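I have placed the structure first, in the form of structure tokens, so that the comments after it can refer back to it.
By letter and in written order, the chains are A, B, C and D; residue numbering begins at 1 in each of them.
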Amino acid sequence: MEIKSRLEIDFAGIKLKNPILVSSGTFGCGREYAELIDLNRLGGIITKSITEKPHKGNPPPRLAEVSGGLLNAIGLENEGIDNFLREKLPFLRQFKTSIIVNIAGFTEDEYVRLTARLNQAEGIAALEVNLSCPNVKKGGINFGSEPEILKRLVKRIRASTKLPLLIKLSPNVGDIVKFAGIAAEAGADGLSLINTVLGLSIDVNSFKPKLANVTGGLSGPAIRPIALRMIWDVYKRIKLPILGSGGIMRTEDALEFFIAGARAVAIGTANFVNPRASLEIIQGIKKYLDKHEFKSIKEIIGKLKVNSR
Amino acid sequence: MPSSPDNIIQIKAKILSHKKIAPGYFLLKLDAPAIAKLSLPGQFVHLRVLDSDIPLLRRPFSLHRINPDSIELLYQLKGEGTRILSERKKDEMVDLIGPLGNGFDLTDIPEGKNIVLIGGGIGTAPLVTLTEGLLKRYDRAKLTFFLGARSQELILGEGEIRHSGIDCLISTDDGSYGEKGPVTRLFEKKLTDWKGKPGMVFTCGPKGMLKVMGSLSRRFKFPCQVSLEENMGCGIGVCLGCAVRIRTNQGRDESFEYKRVCKDGPVFWASEVIFD
Amino acid sequence: MEIKSRLEIDFAGIKLKNPILVSSGTFGCGREYAELIDLNRLGGIITKSITEKPHKGNPPPRLAEVSGGLLNAIGLENEGIDNFLREKLPFLRQFKTSIIVNIAGFTEDEYVRLTARLNQAEGIAALEVNLSCPNVKKGGINFGSEPEILKRLVKRIRASTKLPLLIKLSPNVGDIVKFAGIAAEAGADGLSLINTVLGLSIDVNSFKPKLANVTGGLSGPAIRPIALRMIWDVYKRIKLPILGSGGIMRTEDALEFFIAGARAVAIGTANFVNPRASLEIIQGIKKYLDKHEFKSIKEIIGKLKVNSR
Amino acid sequence: MPSSPDNIIQIKAKILSHKKIAPGYFLLKLDAPAIAKLSLPGQFVHLRVLDSDIPLLRRPFSLHRINPDSIELLYQLKGEGTRILSERKKDEMVDLIGPLGNGFDLTDIPEGKNIVLIGGGIGTAPLVTLTEGLLKRYDRAKLTFFLGARSQELILGEGEIRHSGIDCLISTDDGSYGEKGPVTRLFEKKLTDWKGKPGMVFTCGPKGMLKVMGSLSRRFKFPCQVSLEENMGCGIGVCLGCAVRIRTNQGRDESFEYKRVCKDGPVFWASEVIFD
């Protein structure tokens, strides 16, 4: 079909029917949104981060709304890999969409073990490695912002799977290109940019932070320009496909990400605001391609004009 | 508690009427037959106050009335979201997801015992449509409605409750109407007056009040359902943002698990909730 | 006067009549806003960044509005120190408010020479050193995000002046506490947190960046949670007074900054939106102190409750 | 050019009327005597469309009419800001700063020569109040108003201009009314018809049109004032966000300086502007 093929794209070794995915942690494992939208129409579904053991997560309140954004500190609550393989994955497999499993670990070994388990499973298009959850601090290690750890960990995960490997980087670093470069060298197939930005919000009457975890991760429109800047910087220098996210609410926002260099995009917080956002964006992009007479979404990727004046 | 029905929809609903019914309180009637048809008392809708990035998130509101073709929400001005909502006019459209959550459990109420509803402030909102449901099954003489608020003009729904012939007991914090003091104290007084324990208590209101109800329900061993509130992201169970602590191990120790107000609730057994 | 003294505070050796200042680059050198508000009521005025020579700045467009924020790439346009001393400073000196001069250089020596010039001038309460302008790249050096350069530069400026020295740090770093610590050790009297966050926005019809400079600095409500998080992190670990800024639009926002640890705050983008914002915030804080029966703004500084649960 | 007067104020102005006058075009009348009194043709106001963080910034609009007690703005729907503005209702208040900018220069117009006004699309907005000013000093027979737009229904102000007895020449891009083609081409044609060069040309419109006017004014050596637009932050001259390139050295070489549209403009000599 003509329309379909214009959105088809291969991304880091995954054949995506369209480049609009839904972000980890904002879509659960699909079941709930399946009531509201047709999951078959999505380019892909990225699962909530899965850990080895079930994990309770942070005390409430876990969410706070801020100007144009959402602060969250869920703390990786999930039911663990066993439950995922037993209940979640079989459900997801029913749909004609690419399933990307997001994994998170509290130790390097845990990442490797999770990878090994997922190697066995069927119906997984790729792994997304969450190295950057800002809301869980085990001994203060943030795998995504220590160059040495990042390198070693990505290498180890790479060595333990043939699945396409997307590395989700933390935006809470000084030089994102450096970290992207490390992930590339260590064998990543693609980069996920960006995770949430560390933030804080305070109730001035109670003097309490609005989140029990004190700080949380900022998502939504507020971080869009930050995400775009990082994606553009990485796109220029690192030869890996980028899965862009951060505040995409509507078609125009998604287009900005493609033009900045994203090869696919993920819709996160927007799902909460409008469960149909991802489907509307797919439609919107088709219209845009029509209007501008582009034959494929590929024609706009990274096409930011920077020397035109 | 019953689990949340899977059948939820997203619609654009026309505002049929929208009026201020007390200082800072509004009644919003929406043309939403499809949602009305699916709805149960105690469920809620997730409403987008405006198609804008600010406020970003939807706002949850309990079903105050479930009519054949429409639903009604009773809400209180709180912050920017409700302020913007209050400016929306008749005939404008609002985006709704619903019905959400489990709703009150009406399956296990022992025959012949008292059934009590306790609404604190805006907490009365979900109890009104519940009354209608209860009246279909139980003798009105068995129902007692406790209404509490800061002061007289904030007592909501009294006329309607009395009209349906239900006993209505009132207290206000400032004593401007009914008893003076918290509505839980009035309830506790009656509790000792009554012969038997209530067969079921339904309650909704500010956290402090629900906490007291939790203690009372454990102390006097009556079943009590509370409708909880927590900040929400998705409203449908995916983001895990609306967690509350629920006792496990029958409350025998400190152990608990997190449950989602939006999906596992909003109605929980008061005795099982760990209030901060 | 009772009311007055509740807002009086000494900040890094400056006696501020109240802790509400206006940010560098958002208030020019006071002349224009003097038409609209009484500058005598401000806690202080921080001048636009001054360089040694007049500087032309970036090509237009220099501004783009984004969701809850403003992207700017002015590029340090200013008329240079001579003009500043001759025309701007004498004007500012008329007002009963603390004048803080913000300096920016393209070389380390330039910072030192600027400092020397300002030592001679009268009526300056303090210097704020802009090490973090994200929109000017001379050979790619960003003085504020290279630990070694930061240390050396702050030491050199410190050695060349007795004026209170505020170091304005870049938020575009991984570990703001590290940089704050370096500035503290090198002799800073106070820290300014935060400058704008690097961002990008794209016109999807022309494929051009909305700013001629491509990227720019994000300010406004969008960055408020980020600023608060950085201020809180620095407040906990570094014993220097913090001048907080980043998206303060109204009283509640300013209060969040104080509770997070700012000892004074600066109003930036809000001036454009509402020139009276700073004055309204001063009034609003008085009311808040009344309502909560605080005797001084000092009672709320850094009083975020973090272990209360 | 005259420099911007220092006298500016910030007020809350009541909306006296607000109506759609063409597809996507609105006329907003504001109760603003204090600003009206200070205003000159070519100046503008900086208006906050809503007291919200989105849209964050004010929006600049030229004074379309300066009445004794009120001002009128003529604006075109463009993005979110103007959309939200268009929803504001009579009797609501909007926050205004003004009058801002220098305004047109009326001091140096040679007697007896033609005076030309050229408005492209919404660019007509600031020229209407200018006409009123010019009519006080100059013979109406000397004035010619060129109006251009995409199509007939977007031609603004024709009735009024003709009513005041000024010669009005029209062109539309699609030829649905008047000449077909850009208004600058119509002007150029007339330019060669006229005996002398115009004593003064005032123009406002899209960038492309102003660029053409810049070339024409240099080629045919007539004085031409353009009202420019650029994204604005403060609107009063402090942020340096609204820079435009203005030739220095009498345009003899490529040298230029940046000037602020809000403070040094919005009106500049067309021949001096470097359009991208």
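In this section, a contact is a pair of C-beta atoms (placed from the backbone, for glycine too) under 8 Å apart; a residue touches a chain by one contact, two chains touch by 3 or more.
Treat the numbers as computed from the prediction; the structure is a model and nothing was measured.
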Contacts common to subunit A and subunit B (chain labels): C, D
Keeping to the contact definition above, tell me which chains border both subunit A and subunit C. B, D
Compute the distance, rounded to whole Å, between the mean C-alpha positions of subunit B and subunit D. 56
Can you compute the centre-to-centre distance for subunit B and subunit C, using the mean CA position of each chain? Integer Å is fine. 47
At what distance in angstrom does the C-alpha mean of subunit D lie from that of subunit C? 36
If you look at subunit C, which of its residues touch at least two other chains? 59, 67-69, 221, 309
Indicate the residues of subunit D shared as contacts by at least two other chains. 53-54
Specify the contact topology among the chains shown, as one of line, ring, star, complete or other. complete
Across the complex, what residues on subunit C touch subunit D? 25-28, 32-33, 35-36, 48, 56-65, 67-70, 72, 74, 77, 220-221, 249, 269, 271-276
So in the complex, which bits of subunit D are touching subunit A? 53-54, 276
Quick one: which bits of subunit B touch subunit A in the complex? Just the residue numbers, please. 6-10, 48, 53-58, 95, 97, 230-245, 257-258, 263
Taking the touch rule as given, give the residues of subunit A at its contact with subunit D in the complex, in rising order. 67-68, 309
If we count contacts the way the header does, which residues on subunit C are in touch with subunit A in the complex? 59, 66-69, 71, 145, 172-175, 197-202, 204, 206-209, 212, 214-215, 218, 221-226, 228-229, 232, 247, 252, 255-256, 259-260, 288, 300, 303-306, 308-309
